[in-house]
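Each of the two complexes below includes subunit A, the first together with subunit B, the second together with subunit C.
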Partner chain A sequence: MSAMFARRAKFFSKRTGVALAVYFCLGLYFILLWGPILWGVNASLQENGTFTLQRYLDFEKDPKLKSNLQNSLLVATVTTLGTVLVATLGGYGLSRFSLPGRTALLTTVFSSRMFPFILIVIPIFLVFSQLSLVGTYLGVILAHITLGVPFTLWVAKAYFDNVPRELEEAAMLDGCGRWTLLRKIILPLAAPGIALIAFYAFTISWGDYLMVSWLSQEHVNTLPFKLQERLQERYPPWESILAITTLLMIPPTLFFALVQRWFVTALGGRATR
Partner chain B sequence: MKTRRILTRYGLGYLLLLPACLVVFVFILYPIVQALTYSLCTVDFTKKPKGLELTCTFTGLENYTRLWQDPEFLRALGHSLSLVALAVPLEFALGMGLALLLNQRLRFVPTLRKLALVGWVIPIASQVGLFRWMLAPDDGAVNVWLKQIGLGGDWNWFGEPATAFGMIVLMHVWRNAPFFGLTLLAGMQAIPQELYDAARIDGAGARERFVYITLPYLRRLATIMIVGHVAFTLNDYEFVALSTRGGPAGATEILPTYLNVQVWTDYDWGYASAVGAVMLGLILLFVIPFLWWQERKEWGPS
Partner chain C sequence: MANVVLKHLTKRFGNLVAVNDVNLAVQEGELMVLVGPSGCGKTTILRLISGLEEVSSGEIWLGDRRVNELNPKDRDLAMVFQNYALYPHMNVYDNIAFGLQMRRLPRSEIEARVHRTAHLLGISDKLKNRPSELSGGQRQRVAVGRAIIREPKVFLLDEPLSNLDAQLRLHMRAELQAIHRQLKTTMIYVTHDQVEAMTLGQRVAVLRDGELQQVDTPQRLYQHPTNVFVAGFIGNPAMNFLAAEVVLRDQHFCLKSTAFSLPLPENRAAYFPKLRDHLGHKVLMGIRPEDMKIELVAQSNNGVLLDVRVEFIELLGSEMIVHGRLGEEKLVVRTEPREVNPDEIFQLWVNTDKIYLFDRETNRSLETVSVSS
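And then the complex of A and B:
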């Protein structure tokens, strides 16, 4: 602390000037970023200037709205479990076995993340409608897992690459079977990666509108779909829209707060790779 | 014999990869091939009691030749390209600025870093909800505020051709600039501090240190980010679908929404697939040189 003061005293005028400029720009940035969010949340909690939870209590009263919320939770939860399973198994396979064709597969997966999913959804819709999967939870969940897998497979592989092979070999020498190894050593060490995968899969599924707009029907519709309906009305009911908007923001934001320390490290990992 | 050896040696590996491969092949690669086939066909439907029965009549490149004579398609293509050309550089520039600001060793800055990604975390649907509310034509917050400071206040931001496209760009930038910022910040923090110390001793100013140390170190990361966001911006359907739906009068029609119109209004699935194929082509135009460059970087001398 005293060293800081000494330095500050030495460069007083210049450093203070720079700091003020930095704070000013950051202030502007964060007002533009957080302003709309806080403003919207605040407005959703007010009626004629007084605090109210009425818009949220309306969810209980409106059976359609309630079912949209339940659908969102169900679809996002199952998608998250499915994506975590598919991506961790695959990521471990990619990381530990020098399989023939691995590079080709990795390149394909890397590129497929950038493919236009609106093109992909055309044949998916046609096949699903032949299999009577349109308008079912299974159809939407499969589509959401597809959205998440290309990226999460990469994350999983990168995380398993960081678990030293020697550790596994040592454990195996001590008579540890593959399954125990996975449960006791690999999964705990790769836990941050798995948490990130879960966050990503959940967020993608929870917020998706594209897939839902094609593959869902009345009783499977999720909250983003409901929001779209409200937004397209001639006189959009802003109170209800803000309540849905706020409700949609809460789970991903909380989830992000949980995984954020690993997230920033992962971004750094991309930098040094 | 050889197959058998590969199976016993790699069997478990392939088994673990099986679900992921199924997803990638069945739900991404196969549909891509299928859609490219549709783009060479006229697709017709007959409604059967159980789902749709479709027939493809091969028409060669007819859908594609039609595309180049379709002014609405060309306009959508132009909009998509302008969106990329406006949004991605803005995201990069603002992100770089944010990264430099957040890289300062000052009080509160570490806290701000944690708060910077919120716009990227919330669903696109939520973001559009907030923006449409703030920018609502009559008594939206922005208009009320503009009225107070005497700058009109009767703007129909999403409803006028003059401003609607700008709103789409704005929403893209608002969402992705902080993500650029935090990624570039992570990249900056991975640069060895000694480089900066040495440069300072040699008398390099802040600008020189940025141009000769920071930028070259960030080049790889920046390229990854830019390629990814070019693809995202070209592909994204949700911003426009939830706000203007291509309107007013086609002012915000982009390729994904035009594809959607072809499917759900004109039921022209083959033509829609051709629109999507053009999107895919544009993206590959960006991705392939990047992959090639990355490969060279990895195997060649660094």
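And then the complex of A and C:
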């Protein structure tokens, strides 16, 4: 009897030990990841130890910042729509039609993501200069779509691959043309994947500084650009900078809250069932 | 309703010929079963008819219309898929209604027809459920409902019962038959299961390696197979094939091998008009397991007794399958249950009226039957 209790006690202590180790690691990670963020948000809301929204209210007085915010929202939204369009149509095509050189195409597109962004920035800048796209919204948006498409195209293709062909065939016999099919059957089933693509494209565009710094030419300055600008001031106004970072975090957070329901299925689930 | 005619239908996938010069005429309102082992091209034929695959050569006619170039949606066919292919994001109602919605029928009519179909299939209480919440049999019904609600010219069914358990399969088979009787729509049914083919089909088309072997009523397929393949494929357990030489004894034909000598009754020999050409040559003799019996005394004049050694036995309750050897050749006998033990030698009564003969080179039956269609 006592031996059994001893064994059981040992068993529990082992399990508890493991659990403690797991929570310790996760806690450490959480502190490292979220500590600075929370500290930053907190600092942006404090003035000599008291709570204040002053820095956020100050945004009103900064027309440049307002235009930066507008630029960011515009560029990120159009980029998201554009990427979703390119990735879903492209991914669907690549998934369903066997084209000559399909694998080569996919590999080439994806491998462009193996290089640092900066390697792509320079040629894009040179090409866009020729096309008079530098300093235009279109230029920045196209550049952001270029960054977003390689990964999202793969995600889309993988997702469409998971939608059984019979569903399409059944729908075709039910009287769907290709477009109706895409709208009524394929896209609803691939919605989680599309949510993932949209979120990815949005964060890429929203957070980009590098592309904008080359292509904006003071015409399409976005929020990260503004941040960098303020950081380069002689005496960086830290609290104000932290307010901008907080502002930068809000749209992706909202976006995530909106689509996270689908994320679970997108990352771990299947299209059908 | 429409008849379906396939003329020299051929489908190639690269170098592979999946369907080879198939000619088939399915009558209006007929239930035609396409049967054959996997890879015989039966599903491909169905997909060609539906328009999901493009024809390599040949023609497909639905009624008086050549449909080779028509899109699937314009052919007015409905198909039931092996894995049902229900739309997972729609409830049962929408799954069934989808085809009508696509055809922009008035909402009130769609509703009436969905309820009628659901009632016919006994799924009225499931209309609000998603396919994932249904059992296999219920999903099967929804798939059938989606097909019949459109009242298409032709139904195509691709192994619709193969995902169900044995009991449910039997039940659904009867239901499909009832539906066919009620709707009287032309149905083309694909299966690899010869029992299903025999029980369901008004006529059955047997396929092998993309080629049509024989099209006939189940009974005629069983009684007059045109070749060794059909003879072996139809019937369970399969027909026994034994090599034998055709000889004359007292002016009567006789089948002879090292292990046996079977006189062929006059009336049976008459079935094989060219038998005389095979005198002195080896032929393939076929005898069905059910046309033999374990007996001690010959039952009729046309019976012959052979010594067979038992290898093993399958007892099925009302009957017994005995696997034995006649000389060197394997032999399967289906008979009433009896006391027989492995390695025992028993006497086998062979009904020589039921002997089939096939050419050893061409594998064709020596009977004069044609591949009708």
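Criterion: the second predicted complex is superposed on the first by the 239 of 273 C-alpha atoms of A that agree within 3 Å, B and C clash if a C-alpha of one lies under 4 Å from a C-alpha of the other, contacts with A are read in each partner's own complex, and residues count from 1 in each chain.
FYI, a residue touches a chain if its C-beta (ideal position, glycine included) is under 8 Å from a C-beta of that chain, and two chains touch if they have at least 3 such contacts.
All of these numbers come straight from a predicted model, not from anything done at the bench.
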Fit or clash between subunit C and subunit B when superposed on subunit A: fit
Vertex subunit A angle, Cα centres of subunit C and subunit B, expressed to the nearest 10 degrees: 100
After the superposition on A, what does A:A104 contact: first (subunit B), second (subunit C), both or neither? neither
Considering only touches as defined above, state whether A:P188 meets subunit B (first), subunit C (second), both or neither. second
Based on the superposed arrangement, let me know which partner A:A170 touches: subunit B (first), subunit C (second), both, or neither? second
Applying the document's definition of touching, compare subunit B and subunit C: which contacts more of subunit A? B
Going by the contact rule set out at the top, does A:T180 touch subunit B (first), subunit C (second), both, or neither? second
How many Å separate the nearest C-alpha atoms of subunit B and subunit C in the overlaid structures? 10
What part of subunit A is shared between its subunit B contacts and its subunit C contacts? 271-272
Residue numbers on subunit C that touch subunit A, as the complex places them: 50, 52, 71-73, 77-79, 81, 83, 85-89, 98-99, 102-103, 132, 146, 150
Write out the stretch or stretches of subunit A touching subunit B in their complex. 18-19, 22-23, 25-26, 29-30, 32-34, 36-37, 39-40, 43, 85-87, 89-94, 96-97, 99-100, 105, 107-124, 126-127, 129-132, 142-143, 145-146, 149-150, 153, 203, 206-207, 209-210, 213, 223-224, 227-228, 231-232, 236, 238, 241-242, 244-246, 248-249, 252-253, 256, 260, 263-264, 267-268, 270-272
Where on subunit B does subunit A make contact in their complex? 6, 10, 12-17, 19-21, 23-24, 27-32, 34-35, 38, 50-52, 54, 97-98, 101-102, 104, 106, 108-109, 112-119, 121-126, 128-134, 136, 141, 174, 178, 182-183, 186-187, 189-190, 218, 221, 224, 227-228, 231-232, 234-235, 237-238, 241-243, 245, 256, 259-260, 263, 269, 272-273, 276-277, 279-280, 283-284, 287, 291
In the complex, subunit A residues that touch subunit C: 164, 166-167, 169-177, 180, 184-185, 188-189, 271-273
